[in-house]
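One structure is given here, and the rest of the page talks about it.
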Amino acid sequence: MVRSNSRVLRVVTSDTVFLNHILEIKNGEDRMFWLATVLALTLSSAGAHGTASSPAQVVNSNKKEKLVEAEPPPFTEGIFPCSQCHNPKVNGKVNPTRRELQFHDEIQSDFHHDSENRWCLDCHDANNRDVLHLTSGAPVPFTESYKLCGQCHGDKYRDWKRGVHGKRIGQWNGEKTYFLCVNCHNPHSPKFKPIKPLPPPIRPSEMNRGKR
Amino acid sequence: MAISFLRGSGRIIAQGNRAYKIWVGALLALIAIGLLSYSFQMRQGLIATNMRDQVSWAFYVGNFTFLVGIAAAAVMLVIPAYVYNWGPIKEVAILGELLAISAIIMCLLFVLVDMGRPDRFLHIVPFLGSPNFPISIMAWDALVLNIYLGVNLAVVIHILYKGFYGKDYNKKFVIPLVLFSIPMAVSIHTVTAFLYSGFAARPYWNTAILAPRFIVSAFCSGPAVLLVLFQVLRKRTGLPIKDEAIQKVAELMAYAMFLNLFLLGAEIFKEYYSHTEHLLYTQYFWSGLGPHTTLVKYAWGGLAASICAFFIFLVPRWRRNMILLNIGCALIYFSVYIEKGMGLVIPGMTPDTLGEIYEYKPTLVEWGVTAGIYGIGFLVFTVLVKLAVPIMEGHFHAISVNPTEPAAELDAGAH
Amino acid sequence: MTTCGNSGGSGPQAMDSGRRDVLKFLAVGATMATGAACDLEGFFRKSFRELSPADVRRMVTGWERKYSRKYGKTVTVSSTGPMEGVKFGYGLDLSRCVGCRRCVYACVEENNQSRKEPQIQWIRVLEMDKAHGIDLNHSDIYYDAPEVPRPGKFYMPVQCQQCDDPPCVKTCPVGATWKEKDGIVVIDYDWCIGCRCCMSACPYGARHFNWAEPTLPAEEMNPKTHVLGNRPRPKGVVEKCTFCIQRTREGLYPACVEICPVGARKFGNLLDPESEIRQAMDTKRVFILKEELATHPSFFYFYAT
């Protein structure tokens, strides 16, 4: 009881900015209605700030909102399943030592993900190359790679679950598709690459149709 | 009765010596240029001007603001004339009202040509449209300008009409209207100032002393027009305008000029001493921002003119010299035109609200349209003065309309 | 809520019948006088907010026919009103934006803005120095570079902030712009007189004027339009961002949110604590642009990192 009260209090406090904002609404009736609405919504959703592992689980079931996972980006053609090549039964024992590989040149040359300290088998599972693994050793399928990312990037992971980090498209109040980490970030080199901007606007002095 | 008044008026307007005909011809030519330019602007849209999203009000609105001042200044002559029944000015006060009428007509035309959709002017008319009362200052401005025009027209037409039939005007009709027009005159300029100073988004305009500055500068520029006109009329017609009246007006102008400089100084001090980021707009006007220095020469030219005019009007010996007085009138007119026209509107929008600097200069089309509107205004004023003078002199009335009577003459020197 | 014409609480019952008679009389008189050559109904029509739902339906049909003919495709004009319990809010993550201007052009295409001469863009992306923070007076919207973000620079897109106390609405002399219940500030393109008071009043440079007849190629015209949003505009009126009213009132995200390649743009219902915008407001520190002017925007900037 005490715990849930303090949670409500916390949520309400964090809503202060917003409440102050809507309190500016001049119409008294409107104000009361809004206040009530916001309080009701806040209270009813206070329990939703749980520890769900994917955004889909955060959704309030009363609403028509529905979160749909974006399709993870496709693998390079012919690369998956990895066990085609990385097969302990064929290749023998896995060498767990960090080293330069004679293959996967493309990935190795563009590996910028704490590359001084980390290498392939920190994320890819040594025994079953078709999955990833958490630091605990628990396997994670490629389609749920965000769990792996979230181990280190806890703040981004939390933001992503709330819809603050990352991108959602579709309907703001209905079916929305949320992008996975790997939809936007290359896991081997996650920093965004600079892109070419679209053209700047025409300057007012150059926009002169019809001038005499 | 009204028909004979109109017919007589028509005859007076049509008559005149060569100078008058050249003057009217020149005005008609200006109006033709204006119509040509405006029809071009109508076809192309306002892109024919150099206004853009960054500077979305400019030359037209600047002229509008200046002319509201000219119109408001008419009261300066009306107040003492009617309220205190002060003789020397009373006989010429009607000229102030004629000036107000012409100026307001020009104001309304400047608003019209600045509108993107002049065809929708009905939308701002009470009962027909949906004027945003009482919150929109622009809606108020449109209303008070039209009422002010109506009041002045009513007074002038009544006095002239009665004079035409050799009767005294009806005091019960004229006095309340004149009394009403005094707060109206103050209010048209105040409301116009509020239109600007109400924009929190534009720090250059968002100052409490904008309305006082507007009123004071109007009391400098408006009478300047009239002083020159008095001299022309005195020379060319028998209108008995006394030196006393001219000197009284000049003296009042000197006080107004001092206040005008003082208020400018107060504004300048506030801007430069506090030195906030709002200083940029003032800097753009007085010293330019980097390579953007279009207005600087006008700023200093206007200030120099204002100071010179102040001293000419301040020293009694100087202002009694008619040549110096006329130079002073021209200087103050120019100065207020800069201050309340481009010097008000353009720095208010440069840099724009997101910090972009677009240096505005009017296009030929804008000059053309502006010339046309001034042509219309001057023509209206000329015609009204041409009518009023003989009626005031008593030469022209219903009983004996003398076609050979030398009509009032005006020449380009009037402005 | 059926049509937005009714949403302001001024339905047909609120209309002054005397005034309607005057209008009718004038319209009839003028029609006889001019031979009905021009658009007299447009000339004498009432402002959008005074139209009855039936009037709105009739006008919508007229517009649909007119636009379909003009652009050679089936154009729909929606008049969907605001949803109950919804107030739109927008969040922009300045720590993410890279200044690529994808949003600018997605907006232009979605909202049928004039392409060039005159060029109208509802979103302006400001490039500023990291060393100086947000300093509008030293910002640049014309930056051009092979790649963005440029070193030492950050980017701040600015569009209509959909203020709760909009200075533009206050100043409009004819009431041609107003705030809807869902927070969107809209313009009646058929009532605007083009005086541009609102452009002087707006602290965000969000309002844009059709300085000439808009250039909108038929093949690029987006046929899914809203009365108060992206339907084609005439010359001489003001327009602005409407949070993509034609999309958001149907539940869709605005076009700029959909296009943003870095996920910097958040949109949703401010009254729903779980919406992305509310989540951002709850967990991040948001700020609003020019808060000293007390316009109370529904547009919030924040830094997620």
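Going by the order they are written in, the chains are A, B and C; count residues from 1 in each one.
Simple rule for what comes next: a residue touches a chain if its C-beta (ideal position, glycine included) is under 8 Å from a C-beta of that chain, and two chains touch if they have at least 3 such contacts.
In this text the structure is predicted, and so the values were computed from the model without any measurement.
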> Computing the C-alpha centre of each chain, which chain sits at the greatest distance from subunit A?
Replying inline: B
> A-C or A-B: which has the larger count of contacting C-beta pairs?
Replying inline: A-C
> Which chain's mean C-alpha position is nearest the mean C-alpha position of the whole protein set?
Replying inline: C
>> Please tell me the distance, in whole Å, between the geometric centres of subunit B and subunit C computed from their C-alpha atoms.
In response: 38
> So what's the Cα centroid distance for subunit A and subunit C, whole Å?
Replying inline: 30
> Just how far, in Å, is the C-alpha centre of subunit B from the one of subunit A?
Replying inline: 64
> Which residue numbers or ranges of subunit A touch two or more of the other chains?
Replying inline: 203, 207, 209-210
> Which subunit C residues touch at least two other chains?
Replying inline: 117-118, 124, 141, 211-212
> Touching two or more other chains, which residues of subunit B qualify?
Replying inline: 44-45, 47, 52-54
>> Give the list of subunit B residues in touch with subunit C in this complex.
In response: 44-47, 51-54, 56-57, 111, 114-124, 127-132, 135-139, 141-142, 195, 198-202, 277, 280, 348-349, 351-356
> Across the complex, what residues on subunit A touch subunit B?
Replying inline: 203-205, 207-212
> Quick one: in the complex, what on subunit C touches subunit A?
Replying inline: 85-87, 93, 98-102, 104-105, 116-119, 121, 124, 141-149, 164-165, 211-212, 248, 251-253, 257-258, 260-263, 266-276, 278-284, 286, 296, 304-305
>> Considering only the defined contacts, which subunit C positions touch subunit B in the complex?
In response: 19, 22-23, 26, 43-44, 46-47, 50, 117-118, 124, 126, 135-139, 141, 158, 167, 170-176, 191-197, 199-205, 207-213, 234-238, 290, 293
>> Using the touch definition from the top, list the residues of subunit A that touch subunit C in their complex.
In response: 11, 14-15, 17-18, 21-22, 24-25, 34, 37-38, 41-42, 45, 48, 58-60, 65, 155, 158-159, 162-174, 176, 179, 184, 192, 194-203, 207, 209-210
